[in-house]
């Protein structure tokens, strides 16, 4: 294939992907390589400020994101973002600064430079479903995930507020289902795919997380899902890392592997299992994958 | 203005040998249709009193048809004789008219405005390699140097829709589109510069009204600009009234003017009036895909509308 | 609560040509809703934007208007079915002409304001007034009014010679 | 020199609070041609008008300017006063210093200066005013009623009972509208069909009513007293004269599984059908989209079984043109759906309620069909999904209404009452069931309305929860309702068997298109606009067209019926005269100057311009000029703006009048 | 205070505070007509003493002490369910941000020190390292909150999974970050930024 057909993106992994979500980073790179999509990490990016920053200091949050956006300008291609929280912050920053001249001026002073809002910021889902295309994605599948029932979990930030991410319908999105269906897996219909997992309370108020995430796990189980698929390291942290705690606190047992979207995609498009960081998952997915003959 | 622009170009002679054939054909046809009663009069050109000039002629006797000519000096748009100069023409019957391509456009426009009926006229179309511009010496042959400005960008050298077309077109040398260049120069200016340009031009206007007199479309019995109850446009030649007069005139001709540029030719103060008309024609074409005078049309661009017309300028 | 009024060096004269069914009614609604806008505008009522002759706009500028607003019904809402649609073409052409003779089109605003859009009327009038205020007075036509004779040189050699020959 | 009288009104304090009216009068008094300038507290009051009349006589005034409110408000009042005092009414003008000045400006100095300007312009205009004589036009005493719901039926019956001919046009195969779909009506709980069907039969039997069902308005020309209406009679595929209404065709039609729109998709009907058994006329229509014969050319069963041979597959749409003098628009409403938003619509869907994908989440009208004795379940409340009787029913009010973010900010007016009614109907039918209602406010202003709602709460034990619902989702065979009770301040979760949404009342799709054909105005939601919110609530701004029912805004049945009768009364008032006086604001041609380019004819929206031949005494054609038929001219003035020589002038808005104002700027 | 009588007068209704909230959040407070849909869908409602709709109601009445006194605003998860579903487009999530900022700036009477502490540490971490290092963040939190043994069992597990980095490099852009912080501080000192 001529190289001009190849897609190329600049890449903002976000803090978690270099730490607790390193398997997300690893599998993302694997999938993109397999699909021949270029991914070049923005050098020296820093934290977007996540929820804590905008929670108490909007200007700081906007400034950090604006600075990252201007760093991203040095790398060719639309900006690919893996973490739903980073994606939400970067998009919100673009939206707010485009709309509000006062805030724009303040941020300009804070980062001591011009603000650039032109570069499209895209979540991996958008890249795979829209830029790359579902048909091409289906064609690229080497090992269909037939028989795997997946509960697709959007969490709260991927589609909200409606005017910002412009990713999909805010209340009835289908993009995750479409992507996973392209691999031959079966997305289940379930009720809690847009509920909040407790996200940033994981440190300060883990009790909250145990409560909210429990409902999500229960709903997925009720719907007959084999596993949950997420596109956000915070959701993953709460659903996977804290799953045992949740089970203990609620006296129940889920044993529900929680995959990053790219881990499942990686399996389907032929990324070697060893390069998907499956061993990093707290809830061991291997029994499930063996049972479904996906390994 | 015209002369300086023309000096830019080295003069190359233009082949006008066909004009003899054209003259011949006009004379024969005029004699025939007058003799057999097809028409009661022929409006054409005859030689002027000074050598190398021509003047409009109305011929009613087949014997006089031999006096009709066609030459690079036949600048007038004779369509005028079918509207307000009509009183010079015999009242009854069908009338024949000698028309260059550019004159044909005016005829088509007048038909669309119910001023003439196609069946009431007989059109002797003539092919035209161009006519002389203002400032040309009478004795000179037609060259790329003294060619009229409008002829440099002519697209209707062979008229269409005439009852008869006389002559065959010779090949022409490359011509500089002087007026188009001037348009581009003006469009590139800032509004303030354009204002200064037109202010200077219109300040020269003496309100002789020759532009109105010669225009085939200015056939109103009572011109809006001559009215005094109310007086919409000041009638004395002061800068304010001049500006208003030329704006109103261009507006009234928008979508109608066929581009014969007679107004510019007769202007004693050499105001480039056709630029205004040309601008309006361009607007009509860009906005509504309309070109005046290609064929008689029931409605013009400013007497019709479409639901989805451009309204990007409306808040 | 009254806001303190800002004083400006220049208060433009704005003339609005409006249709009676939509924009005039919309301006009435702004009144009944007690909305506020700058007092610079003078409203001239017409049955329809179709009645508004470009000559009026020209004359308004000549009579000292610094900005002109022409406003009527949205397409499809015309009380006379299509008057506004004819007006739309007429004014599109007229804008082109004014631009070509060098009038700054920022001084000439067209808008659709329906009988229900009191708020939009306020917005349109306020925006236009503020814009014109920032632009300053419309000097072009006023300057023409005061000029009496042609601006050509009076002491040209040709004239001098003609004078000497008298 | 003119002798103009100027009267500056205080309008109580409405004007004088911000405008120094005395100064306005004093300044205007200095203008040449002003014979009198004075101010008064209330010009529109009887003494105010008396002042004006007296001044006309005393000062021999030949022009008047009343500086007061908008001419849209009181121009008629003062022109009538002038007329009464012997002055031609068209020499009286209003200067709007209230809506356009005192109400919109705060600075007294600025407002006063502007008021002086406004009055000055008007004084200059009046100087150029000419006395005009009204135009009389004949009236066709025949009315058109558009829409055969309760509003249209009531208006048609009232007009017809008065002895005038009525054309009633209905888009559906039967008249009846939404009211025919309702089960029982609030606040009396009488059966809707029982009170509706007799009226429908009256319409069918009335000698003065011509009924056109399965028909739509194609085009409307003309003006008050003289409309020409083109009606498209859609091909029914059944000959109405031959059909006896025996119903055999419907019984034999092999295609029976088409969802019934009348039953909100709960029941089915054949391809040849009447919407409901009591339909008027009782003549079926073939749904060509679903008919096997029209789809494949095979079948033809209905034609074979029809005794009188009424089935006619070759029938074509038919256009008929009818003259009428007045039009009543009664096109009604439709309910908002929570589905995804239609393209180009400002309305957003309710994704949080499942976008209409949860089968047991229904709207109020669907509940009416469930509760109706003639409905698809025979009046039993059964869930659409599995036909089980729901024991926990949750009603949610204000779905779409009062939600500017969803595109509708108004209150739909009827939902509070019908939801209360639904809880009662439900309780009457399912004794062991429980109804819950999520609501924001109970809006029950109406005779016996609040009592009705209280009965639902106190006697029928409906649980009303003040608070809205955030989300609905299916959980097994239940629907989880996530709501809140703001009185207690807690979240409420109910696992319901059935959820009924009180969705917003909206104008009909295509209401704007019809308005454009009629030349009437409509608001941002496409509800038709009345000429005056308080004083002309049934008239359109376009003369001769009147409004009835929910096409103007959400309304319940009593309000609709009242308005329909009011519209009928307006029509009868119009028809009580043989001729109608029209304002002489029409275009006239100056034949001397007309050069017959006919640009006026090309642009006239009314086709009012004709070509007129001028002949000499011998009958020889001298010239042709334009002529404007004053009866047809609508008075827009587009001709004048287009005429190159200004040979056509719009009376009342002549160039002289306009220029006088511009010169005075 | 929670149940004490509310004396309403122009003096007791602090509308200046409300305007500040409106300016910071870019959302109207007046628009809310108390339908309660925000509270109905709020995942954190059970942890708050005031439901979200009451926060807006109290703001409408200018009762800022009552709003800031509770822990409600600190228990908002910023999931934006309320803003997304509000029929009146009241951006409650943004209003919550604004309230937290105002409370934070005033070193306010918050009853929720743990969330504040986590936020503070998080931001400090950015200032120091440019990026988040969860191990360090968690350790610091446990140290400062006195919950030394919190998540004691999780740590080693995560370490073996390679999820917690013990060592890390400083971001090369770190000086730039520090400058962003100091510029913002400077603007605030001059009163040019909120």
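Each chain gets a letter, A, B, C, D and E, in the order it is written, and its residues are counted from 1.
Definition applied: a residue touches a chain if its C-beta (ideal position, glycine included) is under 8 Å from a C-beta of that chain, and two chains touch if they have at least 3 such contacts.
Predicted model only: the values in this text are computed from it and were never measured.
Visitor: Going chain by chain, each one touching the next, work out the least steps from chain B to chain D.
Guide: 1
Visitor: If you apply the touch rule, which chains end up adjacent to both chain B and chain C?
Guide: Looking at chain C and chain B together, the chains touching each of them are D.
Visitor: Touching both chain A and chain E: give me those chains, sorted by label.
Guide: Both chain A and chain E are touched by D, going by the contact rule given at the top.
Visitor: Please state whether A-D or C-D has more C-beta contact pairs across its interface.
Guide: C-D
Visitor: Farthest from chain E by Cα centre, which chain is it? Let me know.
Guide: The chain lying farthest from chain E is B.
Visitor: List the centre-to-centre spacing of chain D and chain E in whole Å, with centres computed as mean CA coordinates.
Guide: 50
Visitor: Taking the mean of the C-alpha atoms as each chain's centre, how many Å separate chain C from chain D?
Guide: The mean C-alpha positions of chain C and chain D differ by 35 Å.
Visitor: Where in chain E do residues touch two or more other chains at once?
Guide: Residues 46, 81.
Visitor: What parts of chain B, by residue number, touch at least two of the other chains?
Guide: If we look for residues of chain B contacting two or more partner chains, we find 224, 232, 302-304.
Visitor: Spell out, as numbers or ranges, the residues of chain C touching 2 or more other chains.
Guide: 59, 76, 82, 86, 90 - these are the residues of chain C that touch more than one other chain.
Visitor: Which chain pairs here would you call touching?
Guide: A-D, A-E, B-C, B-D, C-D, D-E
Visitor: Which positions of chain D touch chain C when the two form their complex?
Guide: Residues of chain D touching chain C: 70-73, 96, 98-101, 103-107, 110-111, 113-114, 117-118, 121, 512, 516, 519, 521-524, 529, 541-542, 585, 603, 605-606, 634-638, 640-642, 650, 653, 655, 658-659, 661-663, 665.
Visitor: Would you pull the chain D residues touching chain B in the complex into a rising list?
Guide: 592-599, 602-603, 624, 642, 644-647, 655-656, 658-660, 663
Visitor: Quick one: in the complex, what on chain E touches chain D?
Guide: 33-42, 45-46, 50-51, 53-54, 81, 85-89
Visitor: Which chain E residues qualify as touching chain A in the complex?
Guide: Touch list, chain E to chain A: 24, 26, 43-44, 46-47, 75, 77-81, 83-84, 91, 93, 96-98, 100-101, 104, 114-115, 117-119, 122-123, 125-126, 130-135, 137-138, 141, 150-151, 154, 157-158, 161-165, 171-174, 176-177, 179-181, 183-184, 187, 192-194.
Visitor: Along chain B, where are the residues that touch chain C in the complex?
Guide: Residues 186-187, 189, 191-200, 203-204, 224, 232-233, 238-240, 243-244, 246-248, 250-251, 254-255, 276, 279-280, 283-284, 287-288, 301-305, 307, 309-311, 313-315 of chain B touch chain C in their complex.
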